[in-house]
Structures are given as structure tokens and as C-alpha cells.
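Two complexes follow with chain A in common, the first pairing it with chain B and the second with chain C.
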Partner chain A sequence: MAVLTVQNLCYGYAKGTPFEKAVLHDVCCTFGEGEIVAVIGHTGSGKSTLLQHLNGLLKPDSGDVLLDGESIYRSKAALRECRFRVGMCFQYPEQQLFESTVRDDIAFGPKNQKLAADEIDRRVKESLAYVGLRESYADKSPFDLSGGEKRRVAIAGVLAMEPEVLILDEPSAGLDPAGKKALLKLITDYHAQTGSTVIFVSHDMDDVAEIADRVLVLSKGRAVMSGTTREVFARADELLEMGLGLPEATSVMLRLRHEGLDVPTDVFTAEEAAAALLAFARKGAGV
Partner chain B sequence: MIRDISIGRYFPAKSFVHAMDARAKLLLTLAMIVVTFLCKNLYSLAALCAFTILVYLSSRLKPLLILKSLKPLLPLLILTVIMQVIFTKTGTPVLTVGKFSVYDDALIMSLFVCVRILVLIVVSSLLTYTTSPTRLTDAIERLLSPLKHLKIDVGTFAMMMTIALRFIPTLIDEIDRLTSAQKARGADFESGNLIQRVKSLFPIFIPLFVSAIQRASELADAMICRCYTGEGRTSYRVMKFGWRDAVALLAVAVFTGGVITLNVLFAPLL
Partner chain C sequence: MKNEVLRFDNVTFCYDTERPEHTAVRDLSFSLYEGEFTCILGHNGSGKSTVAKLCNALLLPTSGTVTAYGLDTAVEANENEIRRNVGMVFQNPDNQLVATIVEDDVAFGPENLGLPREEIAARVDEALRLVGMTEFRKHEPHRLSGGQKQRVAIAGALAMQTRCLVLDEPTAMLDPQGRQEVMEALFKLKRELGITVVLVTHFMSEAVAADRVLVMNDGKLCMDGTPREVFAHSEELSAIGLAVPKPLEIARTLRQNGIPIDDVLTADELAQAFYNAFT
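Let's turn to the complex of A and B:
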């Protein structure tokens, strides 16, 4: 069942000035319950703008966003409720930290939800655990942490609200490979434990291939492709034409095919590629 | 939204005013501000309005733009009128309600003050609307350059202004972003009493200052890496007074003369 439905959404910036710019044209898409959906697209394709509609931070010029079948814009109360049910983690979220301790910063969201003190405390501890930080971090100042740790604290601040839908805008941008890996694991762990829907933007197609169930492709403000990860990456030519990348494994297979080897190209992760190549080598040896 | 603020922004276009020399524009804007206060009777005031509108139209900017930026002034104008009506007690009463009378001097004063404020805003907005910030600071630097003889570091001052202007849009974007991020965590900026509202701004302004200070130090490093010393800098753009500037100068001079003549010909109201 679809948790979030976007209907014919149009949006433009700075209307009525010479800087007017249409960003989204007639975008329709759905996000199913418990899915991990990756949103990919070229810089400026409207990914971030689309995400900001999903929890009502932006109001569309026309079209609607439905949460459990009801418009999130129907009233102020509905909009506020939607903010708590759909947790949004912006690009470089570490820049939004402001409290004097990690504990207080993570508690900012739950406090706004008007939760009881012991519930807030539980959530702070739990979300610290989710992001893999020890409880001793709770009393540190967020400004004393390293970049990667700050990022995790900021994500914990969103997780602490226990959103049904978690949205992450380029969560792994600017992290080192180990940090990236840890972050992906954090997302999949959270997804596995809570069964919540996860929507994320990424430029790293390997990340997308590894964790996404479905992929939504935006190009110039339009939703041009949507389907399972397998279906979308099978349309390699179109993706390349849009200036998007492919998973490393797929690129390798396509190159091998180009060189005249009869290998399968519907391969998206390193493990799959290894298995396919092994099978190919065995077949070759058998002949 | 904060993006909708148009005061102080630059709107590129091709027009007579856009093509003028920034120095001329700056000086003529100052002249216009002085003339605004020279108007002493309704005729010169009408001339002032007409000339201002004419100048604005010659910039080919949409009238809607200036109306939008004048809109926030409305409360100030209304307050001015109320103050005048309450406290000016000279002239003849035009309207009496019980013990309270409105005098004609109050209305005339209100009119003059409102028109002056509006003209000031239109004229100074026009300067920033039609002049890019870099040109404007260039112009200020050139006009202040005689101060170099007094050992005042005009170049550094101009650089500081350029940087400050350059980062206004950046900071506005940043405020936008932080507001969204904190709203996503359920921050509420629209309800509560004054103290609660001020408090609700901390989650925006603390990270804003943190990143602004960080950015300033990065910018300083980047400037040093490109050998900025603040000395012996020349300008890429050559400023030239052209025929447009001569025409504009003449127009403002004629207009100023006209206002003075009107002041002499007709009795002053103030």
C-alpha cells in the first residue's frame, strides 16, 4: 500500500520576478509502505525540491501530496502532524546542530512532539544506538565532534522522532568510504528494525543498487522512470544519456559485453558480478 | 518566504538607467534625496512624484516590483498619518468628532512625510535594482578615493563592502535551509508569545553564526592563498561618464531648478 502519493505536482521558484524558474513539472509518484526508494537524477533535476514537498515544507503550485490517502495540506494541524510522521534529513544535516549538548540536540524533535521526559530520554538513547554512537556522547558538545560524528548526531535527531517515513537527502555526501558504508548499514538496520519507509537521494549508484527496492529517476523536473532497481538499471543507455551513472558492476559487465564476451549485463552489485563471472568462466572452461 | 524580499537586490536588464555609470547614479540618487526635502508646496511635490515615476519607468523594471517592495512600508506610513492627525493642532479644523478635531495642517504634513518616504525608497531601490553590487562598491571606492590622502584605506573598505553584499544572498539561502531543517524537526516559528518566538529563532541563528564565521575564515584563507594584500589593486572595469550620464545629470539639474522655481513662485505650505 502506498504511504505517500504525489499527484501531478508542479512547483516553481520566485514567481513574478525575473528570477522565476519552474522546478517540477507534473510529477506523479508513489512510495509504498516499508519500501526503500532511491531518488536519482542530475544536479538541478528537482530531487531536493520534490523531497521537500513530501513533508510539506514547500507548497506546490498545483497538485497534491497524500499521506495515507489524505492531503497533507488540508489543515495546519495536518501539516504539523505530517512533519512528525515523515522525518526529513537534509543535505549536510550536521550544519543544523545548535544545542550545547548532543542529548539536547537529539531531543529537539521529540520535545516539539511534546513527549514526556522519560520517553524523550528513551528515544535519545535509542537513536544514539541506531547511529552507532556510545551513550557517553550524549553530554558532549556537538561542535566538538568530527564531521562524520556530527552527521550521525544530526541523523539521530531525525530518528528520535520515530518517523514512519524517513527521507534522507544525499546522506553519505562528503563521507569517507568507511563512513559511507556505516551510514548505509545504519539505514538498512533502521529499516529492518522499524519497518519504516525510507526514501533517499544518492549520486552513488552502487549505494542505490545495494539497498534500494525501487528507483525513481528525475530529469529536468519530470519523473522519467520509476520501477524496481533491476528494471531501472536495465535501461542503462537512457540513464547514461541523462548524464547519470551506473553501478560499477554493471559498467564492468557492459564493457565486457562490448569487448565481445557473452556475459549477462543485468548485474548490479559486486557479489552478483563475481557470481556471474565465475559462472561465465566455468562455462568457458567446459566448452 | 524570505526569498521574496526585493529591497537591495539587483535585477539585470537593458535600459537607460542600467547602462549609466554607477558613480553618476550614486551621486544623482543623493541629489534626488536632497531635492526630496527641498519641496515646500504641493506643486513642487507633484513635480517630485512625476519625475520619480518617469525615472522609474525609464529603468524598464516592472511597476509591480517596486509596489511589492513598498508594501512593507504601509504600517509605517499609516502610523505617521495617525501621529500627525493626533499631534498637529494648527491650521483650521476640517473634521470634528466630539472633542477631537482633525486639522488641515495635519493632513498636509502627512501627505508631505508619506510622499517623501515613498520617494526616498523608490529612488534608493532604483539604485540597487539597476546597479550590480560590485559596480556599486566600485563606484563608492572611486568616489571616496580622495580620502586616500587622509590615510584612510578606501580599498579595504570597499572590499569589505563587496564581501558583505556578496554574502547577503548566501546567508538568506542559509536561513531558508536552516528554517526548513528545523521545521522538519517540528520547530514552530509562528505561535507562542514574544519570548517563545524569539527563543524559537535560536535553532536557526546559532548554526547560521557558526557557519558564517567558519565561512569567513575560509574566505580569508582563500584570499591569502591568492596573494591578496589589499595594496596596489587595479580595477578590471573602466568607468566612463557617457552621454547617458550627461543626459541624466542635465535632467536632474533641470528638475532641481524647477522645484526651486516652484518653491519661489508659490507660497510654501510648510
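Let's turn to the complex of A and C:
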């Protein structure tokens, strides 16, 4: 069952000005309940614009967005409900952080949801721990943090709302390798514990390969591909053509194949690549 | 003799001197030389951006000295000369984009240098072309996508044509092809013009091609060497929140399972090594 359905969505910025620009063209896609979906696409392909429609921050010029089968734009109340159910973390944390302490920033969403004070407190602590920040960060100003620390606070703020649909716009950008790994685990844990749907944008194909069930590819404002992660990465040539890439492990296998070794190329992570190469070696050595 | 471009002598920096426990970098000493391509790695909050800003006098050491092209960054009279020689791309492009039109933004730095109009125009054209943003030259920077903003910020620094460029995670928001293009452009600057490049990054794959890698941990410098030397320490790296490049990880697993493969840094090297082991 689809949680979110995007129907024939068209959107342009700066309407009625010389800069008017059609950005999304007749985009149709669905996000199923409990799926982890990666949205990928070249710079300026329309990923952030599409995401901002999924919780009603932008309104389409034509077309619609349905949450559980009903338009999120049908009434003010529906839009408000959508904002609580669909939590969104922006591409630049600076777009999101504004309170004077990290604690207040994370508490902002839960407060709006009119939760009890002790519940808010619990969520703030839990979210900070989730994103790997010590509790001593709660009293700091979000503006006095390093880039990656800001990113973590922004993610914590969305998690604290415990949304049914978690939307993250390039959540791993600027995180150190351990932070990245922890983020991917956090996403899969949150997904497993709550059954939530997760939609995230990434330029890192290794992240996509690691956790996505399905991939949606945008190019020049159109949804040009959608399928399981395996299906999408199998279309390597088309992805490269669009300015995208492949998981590093897949690149290694393709190069070997190019050299004439008969190794599998539907391999996406370092572990899978090592296993496939070992299997190849043992077979070759007649073991 | 190698020319020293940047020199840190026992540099400590604290954002809030009333709270010394928040010291961001501690007792750093190192030198970077002309024409070197250096990557700075380190966990979130380890002090990389602070180091970057210390390089061209955006921040001044709380104690110790930073010297750029022989000039002490703490001497106010040196500031203009230092900024003319050490260019900077900030971690967040919004902190850098100042004008309301892309081409004015890129022209902003060269204009401050007092260059002739034609020279400025030529530099802006070239810089926008290098980052693939020519078609957006009349757009408003704050109405661009995340990656487009990042490209404009890079163009602004390129247009300054400084002898040294410090870039703080310039590719964090770029698509794979854009990332590759920027890396190629930087290596070209080094190769053809002898530009000194300092690149802060979380992509281990970007560090493998550098001449030198500095690793920060909790405000201190904890490793300094060629990529091969640094990435040989995979356990130490993972203990401080970092990792080794994926191809190396794969090679290590293979070796542990009895396949004779040396340490490799790139997908190409791994494919080559595996191929050699089996043909």
C-alpha cells in the first residue's frame, strides 16, 4: 500500500518573473508503506523540490500529492496533519536550525505536536543519543557547532517528532565516515522499530546500495527510472550518462569484467565484492 | 629547497576564551609547501574548518603563530596581502555568496583586487565555465539548488587566482560527476600552475590522490604522511571515526583469506592487482 503518491506533479519557481523556470515535469511516483527509498539525480535535477512537496511545503502548479490516498492540499487541517506525519530534514542544516540552544531546536517539533514536557525531554535526550552527540551539546548554540555537528542536530530535530514518513535531504553530506555509518544504521533501526517509510536523497551511491530497497532517479525534472536498488544499478551506462555514479564495489567488478574476468557485476557493497572475488578465486584455483 | 606556503607553530585556537575546555585546535605545528596537494581528514568537530580559517586570517590564533607566505596572519597590515595569496571556499556556500546575481558574486573578489574590467570579465567567464555554471550566470545565488550554490562558491574562489587555495568540503553536495570534475580541476591547477591546494574532505576516495594527508583528532594533528602511509593505519583511523577507502577494505579482506594482494587505494588498482593475481 502506498503511503505517499505523487500524481502528475508539475512545478516551476519564480512564476510571473523573468526567472520563471519549470523544474518538475509531470512527475509520478509512489512511496510504499515501510519502504526505504533513495532519490538520486544530478545537481539541479529537482530532488529537493520534489521532497518539499511531500509534506506540503511547496504546492504543485498542477498534479497532486496523496497521503494515504487523500490529497494533502484538500484543507488546512489536512496539510497540518501531513506536517506532523511526514518529517523533513533539509539539505543544509542552516535552513532548519534557528533556536538559541540545541535543546530548544530539537524540542521545537515535539512542542508543536503539543506533547507533555517530560515526553519532550525524553525525546530530546533520545534523539541526541541517536545522532551521537553528547548531552553536553544540549545547551550549546546550534550556530556554534561544526558543519557535521549541525547536521546531526538537524536530524535529531526531525527524529524527535517520530514521523511516520521520514524524509532526509542529503543526510550524510558532511558526516565523517563513522557518523555516516551510524546514520545509515540509525535509519535502518528507526525503520525496523517503527515500520516507518524513509525517503532520502544522496549523491553517495555506496549509501544508497547499503540501505535502500528502491531507488527513484530524477533527471532534468523528470522521474526517469524507478526500481529495486539492484535493478537501477544494473543500468550502469544510463546512470553514468546522467552524471551519476555507481557504488565503488560495483566499479571494481565492472573493471574486472572489462579486463575479461568473468566476475559478477551485481555486487554493491565492499562485503559483497570481497565475497564474490573470493568465490571467483576459489573456483579459478579449482578449490 | 621547497618553499613554505603555510606554517603553523604551536597554534591553539579557542572560540570562547572563557571556556578553555572548548578549545577547537590545540598546539598544532606543521608546514605546507608550494605546489603540494594536501588533504585534511578528521571526525566531525575535530577542528578542520578552524584550521582552514586560520590559514588566511579569518581566525587568529589564541596562541602560537600562523605564517602564510612568510607573513604573520596576526599582523593586521598583512591581511590584504595574505588574502590575495590564500583563497578560501567555505564549508557552507551560503556563508560565501554575497551578491544577488551569480556573475556579480564570482566577480566580487576580483573587483576587490582592483583589476581592470576586461580582466575581471575574463576571469568570471573562465571560472563559471570550469564549474559548469555558465548558463546560470544571471540567476540569483540563493535560488539555486544545493549543488549549484556550491559550484558558484568554488567559482568565486577560482576567479581570485590565488597561489594557494583552501577548500572546506567543496564537493559535499555535488553529484558524482560534479565531484570528479572539481577534483580534476583542482589537480589541473596544481599540475599546470603549481597552485598549492589544501582540501578538507570526508571522502577517503578524494584523499588517495593527494601528495600528503593530515589527520586531525580532537583538535590535534595525529597523522601526517602520504595517503599510502596514512591508510596503512586502518585500525587507528577507525578508532577516530575515519575509514580507509573501500578498495583497500576489499583488498584487506581478500588478503586475510589467503589471496596475495597488496594494499591498494583505488578501484583501478584493486582491479589491476586482482587481475594480476589471477592471470
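Just so it is clear, the second predicted complex is superposed on the first by the 274 of 287 C-alpha atoms of A that agree within 3 Å, B and C clash if a C-alpha of one lies under 4 Å from a C-alpha of the other, contacts with A are read in each partner's own complex, and residues count from 1 in each chain.
To be clear about the criterion, a residue touches a chain if its C-beta (ideal position, glycine included) is under 8 Å from a C-beta of that chain, and two chains touch if they have at least 3 such contacts.
Please read these numbers as outputs of a predicted model, since none were measured by experiment.
Chemist: Touching A:Q96, do we find chain B (first), chain C (second), both, or neither?
Modeler: The answer is first: A:Q96 touches chain B but not chain C.
Chemist: Which partner does A:F84 reach: the first (chain B), the second (chain C), both, or neither?
Modeler: The answer is first: A:F84 touches chain B but not chain C.
Chemist: Under the stated touch criterion, which partner chain does A:A22 make contact with: chain B (first), chain C (second), both, or neither?
Modeler: Once the two structures are laid over each other on A, A:A22 reaches no partner at all.
Chemist: Report for A:Y13: first if it touches chain B alone, second if chain C alone, otherwise both or neither.
Modeler: both
Chemist: For A:A281, select first, second, both or neither according to whether it touches chain B, chain C, the two together, or no partner.
Modeler: Touch partner of A:A281: chain C, not chain B.
Chemist: In this superposed model, does chain C or chain B come into contact with more residues of chain A?
Modeler: Residues of chain A touched, chain B against chain C: more for C.
Chemist: On the A-aligned overlay, A:A173 touches which partner chain: chain B = first, chain C = second, or both, or neither?
Modeler: Once the two structures are laid over each other on A, A:A173 reaches chain C alone.
Chemist: With both complexes superposed on chain A, which partner does A:N55 reach: first (chain B), second (chain C), both or neither?
Modeler: Once the two structures are laid over each other on A, A:N55 reaches chain B alone.
Chemist: One more residue to check, A:M161. First (chain B), second (chain C), both or neither?
Modeler: first
Chemist: Answer with first, second, both or neither: which of chain B and chain C does A:F143 touch in the superposed model?
Modeler: Only chain B is touched by A:F143; chain C is not.
Chemist: Show me the chain A residues, by the header's touch rule, that chain B contacts in one structure and chain C contacts in the other.
Modeler: 13-14
Chemist: Of all residues in chain B, which touch chain A in the complex?
Modeler: Residues in contact with chain A: 3-4, 6, 11-13, 64-65, 68, 177-178, 180-188, 202-204, 206-207, 210-211.
Chemist: Using the touch rule from the top, collect the residues of chain C that touch chain A in their complex.
Modeler: Against chain A, the touching part of chain C is residues 15, 42-46, 49, 91-92, 94, 139-140, 143-148, 151, 169, 172-179, 202, 204-205, 238, 241-243, 245-247, 249-250, 253-254, 257, 259, 267-268, 270-271, 274-275, 277-279.
Chemist: Could you please specify the touching residues of chain A with respect to chain B in the complex?
Modeler: Counting only chain A, the residues touching chain B are 13-14, 16-18, 52, 55, 57, 80, 83-84, 87-90, 93, 95-98, 108-109, 112-113, 143, 157-158, 161.
Chemist: Could you pull out which chain A residues touch chain C in their complex?
Modeler: Against chain C, the touching part of chain A is residues 13-14, 19, 41-44, 48, 91-92, 94, 144-149, 151-152, 169-170, 173-181, 203, 205-206, 240, 243-245, 248-249, 251-252, 255-256, 259, 261, 270-271, 273-274, 277-278, 280-281, 284.
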